[in-house]
Every structure is written in C-alpha cells, then in structure tokens.
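Questions regarding the structure given below will be posed in turn.
Naming follows writing order (A, B, C, D, E and F), and every chain is counted from residue 1.
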Amino acid sequence: MSIEFLVATAIGALTAAGIYLCLRARTFPVVLGLAMLSYAINLFLFAMGRLVVNRPPLYAKGVADYTDPLPQALVLTAIVISFGMTAIAVVLSLRTFLETGTDQVDGVPDQSEDRDPGDRT
Amino acid sequence: MSGLHVIVEVVIAALLLLGGAFALIGSWGLARLPSLMSRLHGPTKATTLGVGSCLVASMIYFPTHGLAWTAHELLITLFLFITAPISANMIAKAYIHGLKTRVPELAEQSDVMPPVPPNATDWATFEMPKKDSAPDQE
Amino acid sequence: MQRLLPHPGLSLLLLIIWMLMLNAFSFGWLVLGLALAVIIPLFTAPFWPDRPLMRWGLPLLGYVGLVIADIVVANFQVARLILFRRNRDMRTCWLIVPLELRSAEAITLLAGTISLTPGTVSADISNDGQYLLVHALDTGDAEGEVARIKDRYERRLMEIFR
Amino acid sequence: MTALIAVPLLLPVFAATASLLFRRRRRAIGAAISIAATALLLCTNVALVMQAMRGEVIAYSLGDWPAPYGIVLVLDRLAALMLILTAVLALAVIVHAVLTGLDRKGWHFHPLFHFQLLGVNGAFLTGDLFNLFVFFEVLLIASYGLLLHGQGARRLTAGVQYVIVNLVGSTIFLIALGMLYGVTGTLNMADVLVRAGDLPVGDQGLFRAAGLLLLTVFALKAALLPLHLWLPRAYAGAAPTVAALFAIMTKVGAYAIVRTGPLVIGAQAGAYMLPAALGTMLLGFAGLLAARHLRPMAAYALIGSTATLLAAIALFEPRALAAGLYYLPHTTLSAALLFLLADLVVRWRCVEGDAIVPTPEYPGQRWLGVLFLTAGVALAGLPPLSGFIGKLLILEASLASVWAPFIWTLILGTSLVAVVAFARAGSTLFWKRDLTPATAGTGVRPNFRESAPAVFLIVCLVALTLAAGPVTSYMEATSEQVFDVGAYVKAVLVPLEDG
Amino acid sequence: MIATALHIALGCVTLAVLLNLFRLFRGPTAPDRILALDTMLINAIAFIILFGILEASTVYFEAALLMAMVGFVGTVAYTKFLLRGDIVE
Amino acid sequence: MLALMAALPFLGAGCLLALRGVDRNGQMAVALASTLGALALLLIHAPPVLDGGTSAFSVPWVPSLGLELSFRLDGLGLLFAGLILGIGALILVYARFYMPAQEPIGYFLSLLLLFQGAMLGIAVSSNVLLLLIFWELTSLSSFLLIGYRSDKADGRQGARMALAITGGGGVALIGGLLLLGDIAGSYELADILTSGDVVRASSLYPVALVLILLGCFTKSAQFPFHFWLPHAMAAPTPVSAYLHSATMVKAGVFLLARLWPVLSGTELWFYLVAGTGLLTALIGAVIALFRYDLKAILAYSTISHLGLLTMLFGFGTPAAVAVGVFHLLNHAIFKAALFMNAGIVDHEAGTRDVRLLGGLAGLMPVTATLGTIAAASMGGLPPLGGFLSKEMMLEEAVHTTWAGWLWPVPLVAFLAATFSIAYSLRFIFHVYLSARRDSYPAAPHDPSLGMWAPSAILVVLTVLIGLFPAPLTSFIVVPAIGAASGDIATSFHPKLWHGITPALIMSIVAILVGAIALWRHAILQRLWDRLGVPEAKRIFDRGLEPLVDGARSLSGVIHNGSLQRQLGLLFLVAIALGFEAIRLGGYATGGRETIPAPASAVAAWILLLAGIVAVVKAQRQRYLTLIYISIIGLVVSLAFIYLSAPDLALTQISVEVMTILLLLLALNMLPKTPRRLSSTPRRVRDGLLGLAGGGATGWAAWAIMTRAPNDPISSYHWERSYAGGGGTNVVNVTLVDFRGFDTFGEITVLGIAALIIFALLQPATRGPSGQRLREWVAELPHSPERHPMMFAVAARLLLPLAMMVGLYIFLRGHNMPGGGFIAGLIVSIALLMQYMASGFEWADQRRRIDEHSIIGFGVITAALTGLGSLVFGAPLFTSAFGYFSLPLIGKFELTTAMLFDIGVATTVFGAMMLALAELSHIAQRAHKEEPVDDNPMDIDPGRMLEADR
C-alpha cells in the first residue's frame, strides 16, 4: 500500500460522502456534506503538488528537493475561503430555520422532506 | 562514543518506550474499564504522562544530536498539564448531569449517583445556590 | 508600577516561555519578549479580576516537584490497575473532600492536582464552594484517601495561597 | 503601464470600507460615498476602454513578479467592455437602491455592493486562473449578502439554495484548477495554453477533463441548461434591485467561457454548449410565458436572453462571437431594466405585490406602462431597440453553422413567444382595471424620481442602438482579439531576463 | 537503539489511537465519546512528537502545541453543549 | 430630405407628447403640420420619380450587418407614401372631431403619427432590414392604437391578437428577408431587385418565399390569418379607417409588389399567392354579407379586397400588377371614406348595428349621399373608381388558367365580385334607404363640417377617378406599375367603356345576382346562421391557451425549485463531462514511484474512513456527527504534518475547532434529531451518484499523483523566496508576496462573511424568528451551572499564554510555519475560551473594540500595503524588505509583507469575533429558565466568603 493510494482513496471517500450528504433534504447534513467536500478538495489540491515526506517548503541554501509550496498556498487560501463559506451556510440555515420553522433545504413544511417540493401536487 | 552519550541514548530510548507504553495503557484503560468515571482515570494520567515523557525525550534528543534545542515541548507539556484536569472535570460534570437527568442511553451505566454533600447543599452541576441566599446581589 | 505590571508573576512566566520558545537567543528578541511580557498582561488583566495573593518561590516549587513526583509514581499504580485488576474487583467510589481553601484559583489547583495524581478524579464542587466531589478508581478506605488529599496537597496550598 | 488598470479593484475596496465605517450614524454620507465611487468607477472604466481601443493587450504584473509566476492583470477589449458594462449597470442599481431606500432595509448594503463590484471587476481583469477563483468567491459571497438583504422567509429560503449550489460549484472549480496545475504545472491562462501544446499524449485526457469541469462551473454561473434551475428562485427571491445587479453575474459566467474558451477549455466545448443553450432558450421563454409574477418573469427573461447569447458564443467563431458580444450588453441592461420596473410596480401600486393581476388604477401607472413596453420591446428583440439588431447579427452569423435551422427556429420562435408573453403581462398590468372597490387601497403619490435609473438604462439601450455601427466594429475587433491567442500570450508572458 | 524505541513507541501510539476509536464508536454515553476523542488528540500529539524525533525536525511542534490548545477548547465545547446546550453564554 | 420626410411624423409625435397645455386644435395643428410637411417634402421629390427615375438617400448605420439608413423613392413608394400622407392628413382632421370632446387627444394623435412614420418608412426604405424595423413598428403602433380603449376587454384582446398574428408574421419575415439578403448578397433593395434570377434559382428560395409570404399574408389579413382584422375594429374608427383599411393592411400587399420582380414568376409563387388571394377574396366577401356591425362588414370587405389584390400580384403578369396597383389606390380611397362614414353613423345615431339602423337618408342626407356613393364604388358600380379596377381585375382573372383549367379563377373571382356587390348594396339599403325607424339609440343628424369634409373629399375623388381615370391617375400609377413590375413599358389604359367584354358581362350578372341576394337577404341570413361558421377568436384562443398551459406545465415540472435536483444535475454533469473528456483525450498511467505506507499511516487511513462512515450513518444524532467529524479533521491535519505541510496543518487545526464551535452554536437552536430521513430509493440513488463522483475524484488524484510534475512554476518561487521575498517559509512568502493578491481577496471574503453573518443575525430577534426565539425550549435538560469555576480559572491562565503563542506564530510566520492568518485564529480562540468560560456579557464588557472597525482596519491595512508600493514607483502589491540593526537590539528584518500579514491577522480576528458575538447574541435572546447574572464564575468561594462576612 502506498501513501498515494491512501490519499487518493481518502479523497474519493470524502467526496462520495460529501456528495451524498449534500443531496440530503435538510440543511444540517448538507452543511456537513459541504464540510466533507472541502476536506476532499483541500487534500486534492494539496496532492496536486505530489506527495513528499518531511520536506517542508522552508528554503535553505542548496536544498534541492522540497515539497511544491504553491499548492500549499492555494490550499491555505481555499481552507480560509471555504471556512468563511461554511460559516455563512451554517448561520444562514440557522436563521432560515428560525424564520420558517423548518430546516428543509427547499423551505417546504416537514411532512414531505424526502420529496422534491415540485412533486407535491 | 562517549559513555555520557551512551547514557543519553539509553535515557532517551527508555523515555520513548515509557511514553509509548503509557499512552497505550491509558487508551487500553479507556477501552476496557466498565464505566465512564473509571475510564476517566486512564487518559487523564497515563496518556498525559506518556506524552510528557515523549516530550522530555525529544527535549533531550535534539540538543544531544546536534540539532537546535527548542522548548516547545515544555510549553506543550505545560498546556497539557493545565488542560487535562479541566477536561476531565468538564467531562465528569457532563456525565453526572447525564446520570441525573436520566438520558436513556445511560440505561446500562454502572456508576452510582454521587452522594449529596453535607449541610443542605448540592453539587454545582445539579443546582445553583438559591437566589435569596446567593451572595452576588451587590 | 501596579498599573504597569498588573501581574508580575504572569509577566515573568510569559518572559520565560518567550525565551524558551525561541530557538536562538538574541538581545532583540529579549527586548521584544520584555515588551510582550508587559503588554499582554495589561491587555488580559481585566479578564482576571481579584486575584488571590500568592507566595512565589520555594513552597510553590516544592509543591510542583511533589506533584510531578506523585504523578510519575502513581501512574505506575494506575497502570497496574488497568492492566491486571479485573473490573469487578475494582473498588471505585465517590469521595467528598471538605475544603478549607477559599480562593477559586487555589481550589482549582487542588482539584487539578487530584485529577493528575492517580486513582482520583475531581468531578465537581458543591454549590456553596465548600466540598469537592472526587471519584476514586480503587480505594480501600474513603476517609483515609480524603485525609491524604487534605494533608498532602491542601495543606501545602494553604501555605502558598494566603 | 500605469496602475490605472487596478483602479476598478481598489476603488470598490475603499468605497466598501468607507461606507462600512459610516454604517450607523450619517448613513447619508455612506450612500453619497457609495454613489460617488460608482460614478468614479464609470469614468475610470471609460478611460480603460479608451486604452483598450488602442488594440494591444495590456498586462500588469502585481507584486512585480513576472507572469506566470505572479498574478497578472490583463486589460484587453473584452475586459474593458465587461468593466464598463458593469459600471453602467452598477450606477443605475445603486442610484435606484438609494432612491428607493433599499440600502436602509438592512445592514451593510453599500459595503456588500462594492465588494460585489470588486469581485466582478477582478474576475474580468485577472489573467490567473486561481485568482479568477478567488474573485469568483468574492463576488459570490458578496452576492449572498446582497441576495439576503432585507431577508424574510422567502428570501432566506432562496438564499439557502443559492449559497449551497454555488458552494458546490466552487468545489468543482477547485478540482478543475487542481487538475490543471497538476498536469500543466501552472495557473496562468496564457501559460496553460503554451504548456498545453507540448503535453504528453497520456495527459491530454486529464487536461481536457479539467477544461470541461471549468466549463461546468462557468455554465452554472451563466445558468445554462441543466444548470439553470437555481436561478429563477434565487433572482425572484432577491430584492428586485439586487436582482437587477445580478444580471451581470450570468455574464461573468459567459465572459469566463469566452476568455478561457480559446486559452484553456478549447473550442470543442461548443459542441456541448450549443444544444444546452438552445434548450435553455426554450425553457427560459417557456418560463417567461408561464410566469404569474413579474420578478420570475424577469428572471426567465434573463435566462432566455442569456441563453441566446451563449448560443452565439458556443459557435466559437469570430463573427458569431462579435454578434453575441453586441447582444451581451443589451440583454444585461434590458433584463436589469425589467427587474427595476418590477420593483417600481411593487412600490407604486401598493397592492398585489408583483403579481401579474389587474389592480385599481394608481398614479404613475401609465408611466410605468410606457417603461414596461420599452423593456418588453427590448427583451423580445423588437425594433427599434438594440435587441433587434443583436438578434439580426446572431442570426446572420449563425447561418453558416450546421445548427442554423435550430438556432433560427428557436431565436425567431422565442421572440414571438416573448412578444405574446409581454403583451399579455402588459395588458393585464397596465390596461386591465380591477374595478372591485375592495382592493382599492392604493393612491400614495409615487416619487417619479425613482424611475430615473430605469430611464437611464433605456437611454443606454437607445444609445447602444444608435451607435450600433461603431459598437459592432468594436465588438468585431474584440472577438478577433479574443481568438488571437498568440498576441495574448505574447503580451502576458514577458520573457524572463534570467530564464 | 533510539530508532527501534521510536518505532515501538510509534506502534504503541498507533494501537492506542485505534483503541480510542473503538471507545469513540462504542460510547455508550456522549461523554465517553468526548473522552475518547480527547484522548485520541493527546495520542496524536504524542505521534507528532515521535514523528518529529524520527525525522529529526522541530517544525511540527507548533502543530502539536496548537493541537493541545485547540483540543482542550473542543472538549470543553462538547461538554458545555451537553451541560448547557449553549456553549457561549 | 427623404430621411427628414420619414422622420417628420416621429418628430410630430414627439412634440405632441412633449407639449403640455395645448388644446385639441393646437394638437391637431401640430399633427397636421408634420404630416403636411412630410407631404410637401414628398411632392418636392415627386417630379423626377414621376419621370420614372428614383431618388435615394443613404447613411451607414450598422455596416457589419449591412443595415443602412437608406431610403429610396420610386413610383411605387411615391404612390404608397402619397396614400399614407394624404389620407393621413384627412384622418387627423376627422379624428379631431370624432374623438369625444372631453378627452385629450394628444396621446392618440401622437400614436397615429408614430404609425404614420412607420408606414412611411416601409414605403421609402430601400434596405430590407430597415424595412423590417419599420414593419415591426407598425405592428407595435397598431397594437397600441387597437388597445387605445384599454378599459374594454375586446380592445385589449383585439390588440393582443393583432400583435400576436402580425408580430408572428413579422418574425417569419425577419427570417425570410435575412435569407433573401443572404442569397442576393446584399440587403439593399436596389441590389436585391436586380438579382431575381439568382434568388429564384437558389435552393433556399422556397424557404425564403414562404417566410416572406407569411409576413405579408398576416399583415394583409389573408386567409387563414384574416381573423385578427375584425377584432382590430375595437379601435376608434379613425384608426380603423387609417390602419385597417387604407394603409397598414396594405403593407403586406405593398411588400408583395415591392419584391414582385424578385420573387414572382414561379409556380410556387403563383399557386401560393394567387390561391390565397382568391380564397380570401371569396371568404371575406361572403362573411361580410352576414355581419350586423357596420365596421365588421367593412372589415370583411377589406379582407376580401385585400384578397383580390393579393390574387392580382399572384398572377405574376405585369398587366395584373398594373391592375393591382390601380385597385390598391381605389380601394384605399373608397374604403377610408366608408369607415369615416360608418364612424359618423356610429357617432350620431349611437349604434353601428344595421338591425337598429335604416332610413337615415332623410335624417342625415349628406352622410347618406357620401356613404351611398362610396359603397357603390366598393361594390364596383359604374361610373366609379371601384368599377374600373374591378372590371380590369375580372378581365385579368378571365385570362388566368389554374393548373390547366380555364374556369376556376374566373368563377371564384366572379363569386367574390357578386358577394361584394351584395354587401355593398346591403350597406346602402339597410343603413340609409330602407324605411325610417321611429326610434334610434341617439337622434341622428348630419355632423359638423369638420367631420364629413374629409370623407367628402375622398368620395369626390373616387367619382372623378371613375369619370376621368387616365388623366387623374396614370401620371402616378404608371410609374408605380413600372417600379413594381420592373418594366416601364407596361401599358395602363383605364377606360369606362371597353366595349362588350367577358368582364362586363360578368359584372352585369354579378349586379343582378347581388340585388337578388339582398332582396332575399333574410333567408340567406337564416341559412348562414344555421351554418354556424366557427368564431375566429375562439380558434385563436384555442391555439394560444394550450401554448400558455404547455409552457406552464413544462416550466412547472422542470423549475420546481428543488435544490436536490439542481445539485444532483450539477454533480451528474461534472462527472459525465469528466468521463467524456478522458474518453476523448485518452489516458496513460504515470511513472512516478510511490511512497510505501507505514502502519501508522494505514491506521490513520482507517481512522478517516471510519470517521466518514460514522458521520454519514449518524444522521439521526446530529450531535454525534459533530464529534465524529473531528476525527476527520484530526486525520487530515496529521496527513498535512506527515506530508510536510506544517502551515496547512496549523491552519487546518485552528479552522477545524472554529468550525466545530460554529456548528455547535447553531445546532443548539436547530433540531437535534430529524423526524424522518429520505426514502430508500432516493438514498440509493444519491449513494450511487456519490460513489461515481468519489471514484472519479479519487482516480483523478491518483492519476496525477503518480505522474511526474510538469516543471511547476513554483520552482521559481522556491528560488526567489529568500532572495526576492525575504522569507524562508516559501508558503508564507507565496501567500503574502508572490500571490498576495489572492490572500487579499481571501481575507476580504472572510470579512464579508462576518458582515453577512452580522447582517443576518442582527434582525433575527424580530418578526417570526424573534417569536420562535422567545418561545424556544431546550430539547435536552440543562444543568443550571453556566460558568464552571475550574474552567473559568484555567481560561484566565491560558489567555495570556495563548496570546503569547499567537504573537510568536505571527512573528516567525515569514520564515517558519505560521503567519498572520493562523495567529489571528489563535488569538481569537484564546479570547473565545474566555467567552465560553465567563460568559459573553462579562467578557465582552472587557473588550471594547468594535469588530466592524477591526475588519475594516484589517482590509484597509492590507490594501494600503499593496497600494504603498506605488509610492515607490513599483507595481501594486510589490513587497519590500530590509535588514536593519540597532545598538543593543542587533540585526532584525522588517518587511512590508509583515504589514500585509498584520492586515490579514486583524481581519481574521475581527471576523471571528463578530461572527461569534452575533451567534451568542442570538442565544441570549432565546428563552432561558433562570435569569442571567454577569458573574465570571457561578461558584466563587472567595466571593461567597466575603458575602458571608
């Protein structure tokens, strides 16, 4: 088993779980799904710089091999942004629940939470 | 290979083994002990000590191997020793609160409720001092 | 002076930690550390009103040493319990420790000590602040244990916190 | 190259922070700053257009780090066009918002508004893909705030959907960027093109996949079938004034497709886009005909007309693109106009909200009717307004394509549908009278100044029509520039002195 | 000698973490799970230290430091939620 | 000049709208002035045109499209323009007197002028695209004019119907003319007219022809598009007279004439145009006989006559064109007169229903005389204009064969003529000549001069044309014919007496039969009513309503506002396109060797997967999912550490806890255990989608990780980091320098997020949400202790320590892992600990900085740092650093990047604080059983002791 394999499978699992949760009918699991997806993305972006053990990108004269620093910078930016976004999603779902009394993503009453609201006749 | 160096090596190795062992023991206790209050004993001590000895080991290791000596280990240890009891305390509070309020998932718990303290008071988790007797009105 | 250094002890602690954190000593860092050691307490002082008077120095150091020693020793006991004592033979029980200490800081320190030293975890305090609820993993006589705690730790803390 | 190119980014930042500091006391000052900054932005962008009209691509490397290693801002005709369009729209919207007191309906309208502008302008100016992502996020998060401005159950629910969909979109965006970097080792658009040339065959698939994922994200922003479902609810849920500003957002998606098409995605993307665009057109105008309220109507009009634009873009061919580019400002401004009118209708008639139902006569109704007629004419693409010329251009340019029969049928058919829809809505809203005295609760004197921004937009449309000659020639030059990737690369990637 | 000790220690910590995982899922009470998570975090710190020694690098220690701090905050938040529902009041 | 002529009516309309406080006469004067002015300009251009020449004028407009503002006046245009302006002038006068005295007519007249301008444009524009513009404008203005009586339902419906039909035709015409121009290679009429052979030979000719004919037929109300015209009669009578008889409806015929040299002369043309014309002529005439409403009768008669005109142009012979042009003139004259006449009757007798009229001859002699003559001309009775053109029409019909047969065309033409005589006689007799009634809706009398004079002029004209056709008309008709048929030599000899011709015989028979039909009208009417011909409007509605319903159901089914659907499709599209790309682009495995995984890594991996599964499974206990998700965060952080990304680890760790706290704060108010979960099939479907997406992403990651990097640009960053960026931590240098602009955007996002959270939660205590908050009851039983003592004490000690660490992390960030963002988070966490321990109120009183300002300060600092470099003439965001040394202190580094990083840290701190402050602010509002006191710790033995003393 290689580290690459572990990371790739982990990314896959996180993405799968994220997608599944994002497709739930209530805001809370959807937010969890978004969190999952952002884990997956952070790992993915990071992996795009290829994996290296114990070569942190701290410049020193004559050091030839190092981890690609750029993806790390991108991931940092991505982490921060997705954190801000998640925060908004969380607060928004809370606020919407307080306003409408339902935590259904489509804002429909609780009876039909597992249905597209359009399916209601 | 000076004698001192050998001793250092031995000490470091011993500390590492000790650390690993205690970390394992603590978690083992957590895994096997029958109820939360007893499980609480494992991590709060064993694990803390385990980490502590690892930290000490590294604190010795780096300077003795021609690397920069850092004291972050000290800081980490300090943090752990400050926080571990508090975490334990909060967890215990949450637990006895659960005991008191009979959350269904505690059906099979094997802990007994703590005894009531003397002279008509109760534990802080269960009850606040009566407002009239409460001193903080000024 | 009081207004410039609201927590002399804290400032000292911070300075020490600062110098420890740095990998290499330099006078510039020291100056910066001094500045921080003054500024940070100034900022955090409002969050720590009415501090108790403490005796810095030997008693405290002694206490710390004692506790560390106890931790090491007692951990082996707990390890033995965890590894070799069967659950049903475990004599767990609740202890109620009457307190003479009065300052929150002191009591917290005591409770922390109790939790770190093996066999006992401090779980709660009574709502009049006079008793400490402690859980013992395995003890023969509760009274003895309580007495040990009061004698070994609380007494020393009484000296440190006036 | 002067730093003028960065003014469209700095101005909003300072305007936003300034109005943030003026949020509580002296709101008037905040509003004044906000409007002034927007007007100033318009002037700046005029200057930038002048610069762009000289014809060469202007690159400005931030931090003095040469592209592709640093982030580079690129100004060409296309970027300048989008910038000035944004500024015009923004000016109308902000004035409308202040006149109607929308900015006082909730917190932080002005800061959010200018951060939105920051995001949009940044997206138009940057030549770096990841920086594009960052600005997408800026404009999105600001748009969340603006969408939710004023709140209320309906708006909040719409907001939840909008936010979540776009978060997922950003996720896909990042995956695409990651793959691009992983395969090509760069983030600069021009550099991607250069390196894509000598990619090993085994990497082509991954490279293309990244491109198509980008396309997916941009199509989501541009509301292209089947990724347009989010739009009606979101835009109809937002305050109409805000929705008017959002008319530019779908164009950001369109812009991104035009920009990255020749550089990153590749023209083969058109094969997927064109059918989707035609389908979107159909659904958009079906929604237009079906709408029972004015705001959804405007939302569907936006979808439909944007789809018309996307159909032209999807041909990935200079003449068609030029035609589309002429149509772009038209659809943006006229859709925004309809949203502003929806707001005025809601405000002036005081009953029935934006429902397309007859109401008792109310002051200002006839004036609104005239404005609505103009908007309808514009959106249906009837003469004498620019929509007609735009459609003629697109029809003529698409004649060569094998898809011509479908494009023609849909563009002409949807025009008719739009005519019918607007005639129905207009005659119900402004001709039919509800004579039952029960609902007669209207009669507040409307403030006709409130319609000034709408009139301003109409004036812009008229100008776009009268100046069709020069404008179209600008657009032709623009589309040639877009397809002349060689010049773009040459301008952006300055050779390093030390390799 | 140190190397072998290190690897043994690492093995112990790894095992410990798996034990924590068991307790984390087994529960039965929420405090049990919090405790398990807390312990898992402390073991992770140990792991980081050992890894640092193994790779002869100190750059990872801040991470450990931060973990100690943050883990505490997390644990308190979880318990406070159980006790009060509201963690900042 | 030509352009000015075309523009004048528009200018007039503009003036009318602009002018305020001008009385009716003034408004009429303005309108007349612009019309007559245009007429004058027309006459100035006339002479050369009458000699068979043309006068043209052109300015470029949209060269790339070939759309020019080019006008061209030839014979046909001159005739048509003359009609438009001449009759237009009369109509304006008529309208002035017709419209009710109390209502303002400015708007009405301006609409009329708008229409006039558009029509004029059609007549004189020589660029077909320009013609299209005017064409659509006529549809629009007629829509507005028909709907002028907007309070009447039939007005609105008539207007919508007219717009739908003519607009639809217009759309078809757009296509047709574009194709035509494409075939001919130019949109200039001059070029198109000369390229007839090319056009007719083109493969696209049929398409273009059909599309163009659709435009003409709808405009000119040809069967089956005729039905909008009668409904257009809801318009005020001047409109009917002007648009729907004299001019607009002739636009279609005019275009037929205009393009006749290009399009005519083919089988397809003959059968389509002549056939439609014949049919329409007959149907219109028949229906006209059985209508009661005067205007309806006239409308159907108009349809019928338009049919005749269409037929004539359809014949495809120059002679027929000649007749067509001549009849176009005649019909315009008498039909306009008749509409005005009907208007007068309506106006004075108070009704247009023939059943209530009759015997008006004695009551309103002038009107009766005019009406009778005009109607006679319509019926084609000698010696009037109508008679001449009808004779010639029949003559042409006789010589036209249909698919080899001689009889069909003459027969139908004869029938049409017969019926038209019948309804004309009916108009005369049933309105004027029959016995006088004893009561009418109003007291009929002749109107004022201004009202009947215009029609009188037209009646005189039709009489004169009948008597002296050649001298009066050929000077204008001949050039028109020349222009239409393309050859000047066409002979045109209108005479009253041609001798005994088949046409004459047919006319005589027609007159007799028509008289009989009128004599026995009652019977025929009963027959007709029993026939029950379908009502056109119902047909139209039956066509339109399904369209709307279809649109409604389609849109309703697809745009059902479901988030899940949109997300599902989004994932699906992304996955599908990804696979598609790999399929097309091909794929080869990479050669980069992989890193063997140690046991600990595998264990971490197991941890992660277990955590993921746990989170997904624990849907019902949301609190637990929050505990489980920490496992994932932990493992990810460890992965970052293990894979040499300390900066990432630090950030991940601190962001992690913030996220958890946020979720806990929110979850407190959200439902803890959802009642129901999704249905199983839906779960399976989503699961499969998830697996596909996860598989694809994981595979992509694997594919790229296992191939060698492609000379990434980051090598440059590595080399320049210290030399050019003044820092050894390349990641941080990248963040604050190489890509500082990204970071700037990123902190902006964070700041905005905080602002939005504030804006969201601030009003949450009002309205329904506030109601819910007040009624909110905790789901779980709560412990009364708010601020546990031990935690409070510990927090007090940890606060300064944490701040120290934060500052340290910040300072070293440029060279070692760390930096502004992490520092900001650490400080926020430290402070947050204080909030948790001692309560929001208590802690907040001790921190008196407004978060908004902090955020603003942070963003501004970062921006100004970026801007600062301009001062030194360097591009934006250019960083500078230097090593300084002070006595005692020694050598130290200062970088602008650090200033930038301060901005970062400040923004982060402000954002965190603002968000948390608002969230706990909400919680404060929620219903609590015990009152809030603001003590830092609930049990404080020391305090209690003092209290006891």
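Just so we're on the same page, a contact is a pair of C-beta atoms (placed from the backbone, for glycine too) under 8 Å apart; a residue touches a chain by one contact, two chains touch by 3 or more.
Given the structure is predicted, the values throughout are model-derived calculations rather than measurements.
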Set of chains adjacent to chain B and to chain E: F
Chains contacting each of chain C and chain E, listed by label: B, F
Remotest chain, chain E as reference, centres from CA atoms: F
Chain at the geometric heart of the assembly (C-alpha centres): D
Centre distance in Å when chain C and chain D are each reduced to the mean of their C-alpha atoms: 62
Geometric centre distance via CA averages, chain F-chain D, whole Å: 15
Chain centre separation (chain B, chain F; CA means) in Å: 69
Between chain F and chain E, distance of the C-alpha-averaged centres to the nearest whole Å: 61
Residue numbers of chain D (touch at least two other chains): 130, 134, 137, 141, 144, 148, 151, 153, 160-161, 164, 168, 175, 178-179, 181-182, 187
Contacts with two or more other chains, residues of chain A listed in rising order: 18, 22, 27, 40, 44, 47-49, 53-54, 56, 58, 70-71, 74, 77, 81, 84-86, 88, 92-93, 95, 99-100, 105-106
Shared interface positions of chain C, touching two or more other chains: 17, 21, 23, 111-112, 122, 125, 127-128, 130
Chain-level touch network, classified as line, ring, star, complete or other: other
Those chain pairs that satisfy the touch definition: A-D, A-E, A-F, B-C, B-E, B-F, C-F, D-F, E-F
Chain B to chain E touching residues, read off their complex: 9-10, 12-14, 16-17, 19-21, 23-24, 26-28, 30-31, 36, 39-40, 42-43, 47-48, 50-51, 54-55, 57-58, 61-62, 65, 67-68, 70, 72-73, 75-76, 79-80, 83-84, 86-87, 90-95, 97-98, 103, 105-106, 108-109, 125
Chain F residues touching chain C - in the complex, by the definition given at the top: 785, 789-790, 792-794, 796, 799-801, 803-805, 807-808, 811, 834, 838, 843, 846, 886, 888-892, 936-945
Residues on chain E engaged by chain A in the complex (per definition of touch): 55, 57, 59
Complex contact set, residues of chain D against chain F: 3, 6, 10, 13-14, 16-17, 20-21, 23, 60-65, 68-71, 106-108, 111-112, 115, 118, 122, 130-131, 134-135, 137-138, 141-142, 144-145, 148-149, 151, 153, 160-161, 164-165, 168-169, 172, 175, 178-179, 181-188, 191, 195, 199-209, 211-213, 215-216, 219-220, 226-227, 229-230, 232-233, 268, 272, 283, 286-287, 289-290, 300, 322, 373, 377, 382-384, 388-389, 391-393, 395-396, 399, 408, 412-413, 415-417, 419-420, 423-424, 427, 430-433, 468-469, 472-473, 476
In the complex, chain E residues that touch chain B: 1-2, 4-6, 8-13, 15-17, 19-20, 22-23, 27-32, 34-36, 38-39, 42-43, 45-46, 49-50, 52-53, 56, 58, 61-62, 64-65, 68-69, 71-72, 75-76, 78-80, 82-83
